[in-house]
Amino acid sequence: MIDKRVATVEEALDGLGDGASVMVNGFGGAGVPVALIRGLEALPARDLTMISNSMRFIDGYGPAIFADRRVKKVIATAARSRGPDTSAFERQWLDGELQVEMVPQGTFAERMRAGGGGIPAFFTPTGAGTDLAVGKEVRRFGGEDCILEEAMVADFALIRGQRADRWGNIAFTGTQGNFGLVMAMAARTTVVEVAALETRHLAPDAIHIPGIYVERVIERADERDGRTP
Amino acid sequence: MIDKRVATVEEALDGLGDGASVMVNGFGGAGVPVALIRGLEALPARDLTMISNSMRFIDGYGPAIFADRRVKKVIATAARSRGPDTSAFERQWLDGELQVEMVPQGTFAERMRAGGGGIPAFFTPTGAGTDLAVGKEVRRFGGEDCILEEAMVADFALIRGQRADRWGNIAFTGTQGNFGLVMAMAARTTVVEVAALETRHLAPDAIHIPGIYVERVIERADERDGRTP
Amino acid sequence: MTMPLSRDQIAWRAAQDLAEGMYVNLGLGMPVRVANFAPAGEEIMFHSENGIVGVGPVASEAAADPDLTDAGSQMITLVPGAALFESSQAFAMIRGGHLDVTILGGFEVAANGDLANWDARATHKGQLVGGAMDLVTGAKSVRVMMNHTTRDGGARLLQACTLPLTGLGMVDRVYTDLAVVDVTPDGFLVRELLDGLGPDELQDRSGAELAFAEEYGVLSAPAL
Amino acid sequence: MTMPLSRDQIAWRAAQDLAEGMYVNLGLGMPVRVANFAPAGEEIMFHSENGIVGVGPVASEAAADPDLTDAGSQMITLVPGAALFESSQAFAMIRGGHLDVTILGGFEVAANGDLANWDARATHKGQLVGGAMDLVTGAKSVRVMMNHTTRDGGARLLQACTLPLTGLGMVDRVYTDLAVVDVTPDGFLVRELLDGLGPDELQDRSGAELAFAEEYGVLSAPAL
């Protein structure tokens, strides 16, 4: 029997060790895997590469991940903490202890889809001529400068969804989906926490991440506690 | 009020004239826009470029399209008629009256997605080293030869779905979807025939083609009459 | 001279250029307010790059769902006809030219249509580009809302941007608290000017040469 | 000598190498029969490139739905846990390496793993490549089912393919009516041979040098 359900966060994150690259879903507060971020915070893993739209939820729900200097590189579209203060993450970036790769958001999503979909590289007009294109190959298509962007993959993807079945099929509610599908495609081990693990299978035509992309699912109540970092 | 509903096939195909490029959905018999293919057959438009997984349904439901020599180019993954006989389409191809561009099926889908998604070109390992890669740029990624494929767009996309609303949102049943989404993305005018035009809106999280990609929807009963070419 | 437009009044003015059936993305900050002033009775579909076409008003406290937010983390509602999808699809729409209009905030706009709006050089903070570079590349019409000058009175309409660019030659129109200015192949062209403000005064507050449309209008907005 | 395997028996043999939890694409024609012989009680998820993971048995006439077909136009059922999706997603799965196994029909396989299976040079018919080039590129293990020789007795296991290639160096294993042959860095390696057929006889029916595994087995299948 195929059964991708796990009972504990420890099992869900098994194998996530030093040097791992970790994609974390979440945008606007929706789809953030709070239980898994807290589980990551409780692990000893160091030299991490954190790949997420912003570091806001990682820093907010698992502050020790940055405070204990466990991250060596960040790939993000919004590598800025909220508010006027300089966060631990920003301090390490300013001190050169931590590398930041800024990626335009559409390119960020597309590089993960490419990584999971066997497309090693693609041309895009986004960012051409800007500081984020420095060092990138430029080619003109239809009179427009485009830059070559390469696929992005990772060891783990951590995602929150609404419902899952034992085959790893995932259904989102609202705007939880955001980067979840492309992260699941791009990661070697995809872990999804959901509000409800169904005992039956999900409806085949209303699945937002096909189970083929998912290795582990875990049921966890919403741990946001009403507060969003 | 946004209202993409049209009442007649003539309105649905308005503007489809000589020299048009036309994408037609359908795979395995599902998602084939039979009413729209018949509507296209009834138009005088010539010098067409037909873009479809195979020519089987176009030839089967609108035989005059090929028989009257209205097609100048075919882009397909399976440019072969069923059965041992040489079809009108194949005869024109053999006689050099009609150009055929063969595309591996995954590249076929991806080129349309790229065309609709603002990606002018991408590298793919599919087909590298084969006859279908002749003349294409080759580059190695991760030790694997890849070829550069360019985006594909068209003037029209003809698609069949199950349900639509006045905003052009489309829901498929079963395997109707196949190339429908990427064709809707890639075409300047996307027309979808559906079994049911809903008076209310579709559920936002169960939409397979967002209405932003769809220009016209029309309600038509299934015209397959139990026979599939 | 009439008072410069408030942020809501600039948003109101930008909203007057939207029309039924348009698909529109509104940037974080000032631009999202445009939705509040969309022409009554006309159906305009607002896109959010986290995966929505059909963003509706901000949710009431009772209806608020933390799993239904816009790109600015506001808990929102959906309008009838809305669709939800994932990020790579949201950006295929943007990059692929399916949006009619994007309205973004700006730091600087150049006479050639260059926009700088993503890296304020707040040297103690990280960078934030988000979807801006995709939006300026993909939308059919790129419009910018910003105050005409910086807090210190420095010009934001410039011959060339000084801050890192978001996109090159993309901007079509700029809404400021003082004027509505188009970017044309010949540079800035003022379409509307605040009542009582002279063309020379606007030129003084700008860092590039301004042309004025033959019959430029009066920029005005209701009290909001 | 034992009778050469029937098409169903070749399919049966190929099915014995599938195991619980695998994601498997079966090509049109002979390969789709593999699903009929999948190990009992083990859950194997069959992928179809028209947009399915979880293809089940062919539908009964009562249950047949012309809008639910596989890539070969058969009206099929879905197994519990199935998912439906569109073509670009179906091929992202394939190209992205998410399938464990693909089993394809073949015209020719070369000792270096090249496969020719798409253009039979039926000169009066159009071409048909379908998803074969994607499948051989993307699946973790590429397996081919075919008769060991052509109808005329010509070899299909060759030093180099003569027909247009589907993919270069991709094939891992070949199931024929006479043998199971792996493609290794050193060329063909016979793993199983039909009872009563000598190694020399298999070599005679092959167009490239065959090596034999130290303890190669007997190829056998139940009567089907």
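Here the chain labels run A, B, C and D in written order, and each chain numbers its own residues starting at 1.
FYI, a contact is a pair of C-beta atoms (placed from the backbone, for glycine too) under 8 Å apart; a residue touches a chain by one contact, two chains touch by 3 or more.
Model, not experiment: these values are computed from the prediction.
Chemist: Using the stated contact rule, I'd like to know whether B-D or A-D comes out ahead in C-beta pair count.
Modeler: The comparison resolves to B-D.
Chemist: Taking each chain's centre as the mean of its CA atoms, how far is chain B from chain D in angstrom?
Modeler: Chain centroid spacing, chain B to chain D, equals 29 Å.
Chemist: Starting from the mean Cα coordinates of chain A and chain B, work out the distance between those two points in Å.
Modeler: 34
Chemist: Centre to centre, by mean C-alpha position, how many angstrom separate chain A and chain D?
Modeler: Their C-alpha centroids are separated by 36 Å.
Chemist: Per the centroid of Cα atoms for each chain, what is the distance between chain C and chain D, given in Å?
Modeler: 56
Chemist: Which parts of chain B, given as residue numbers and ranges, touch two or more other chains?
Modeler: Expected reply: 110, 113, 118-119, 124-126, 172-174, 205, 208.
Chemist: Touching at least two other chains at once: which residues of chain D meet that condition?
Modeler: Touching at least two other chains: 84-85, 91, 94-95, 137-138.
Chemist: Between which chains is there touch?
Modeler: Those chain pairs satisfying the definition are A-B, A-C, A-D, B-C, B-D.
Chemist: Mind pulling up the chain A residues that touch chain B in the complex?
Modeler: The touching residues are 110, 114, 118-126, 139, 141-142, 144, 146, 150, 172-174, 205-206, 208.
Chemist: Write out the stretch or stretches of chain D touching chain A in their complex.
Modeler: 20-21, 23, 43, 45, 47, 53-54, 78, 80-85, 89, 91-98, 137-138
Chemist: Write out the stretch or stretches of chain A touching chain D in their complex.
Modeler: Against chain D, chain A makes touches at 1-2, 113, 115-119, 165-167, 169, 185, 200-202, 204-205, 207, 210-213.
Chemist: Using the touch definition up top, name the residues of chain D that touch chain B in the complex.
Modeler: 48-52, 65-74, 84-88, 90-91, 94-95, 119, 123-134, 137-138, 164-168
Chemist: Give the list of chain A residues in touch with chain C in this complex.
Modeler: Against chain C, the touching part of chain A is residues 27-31, 54-55, 77-81, 84, 86, 89-90, 93-94, 100, 102-107, 109-110, 112-113, 124-132, 162, 172-182, 208, 224, 228.
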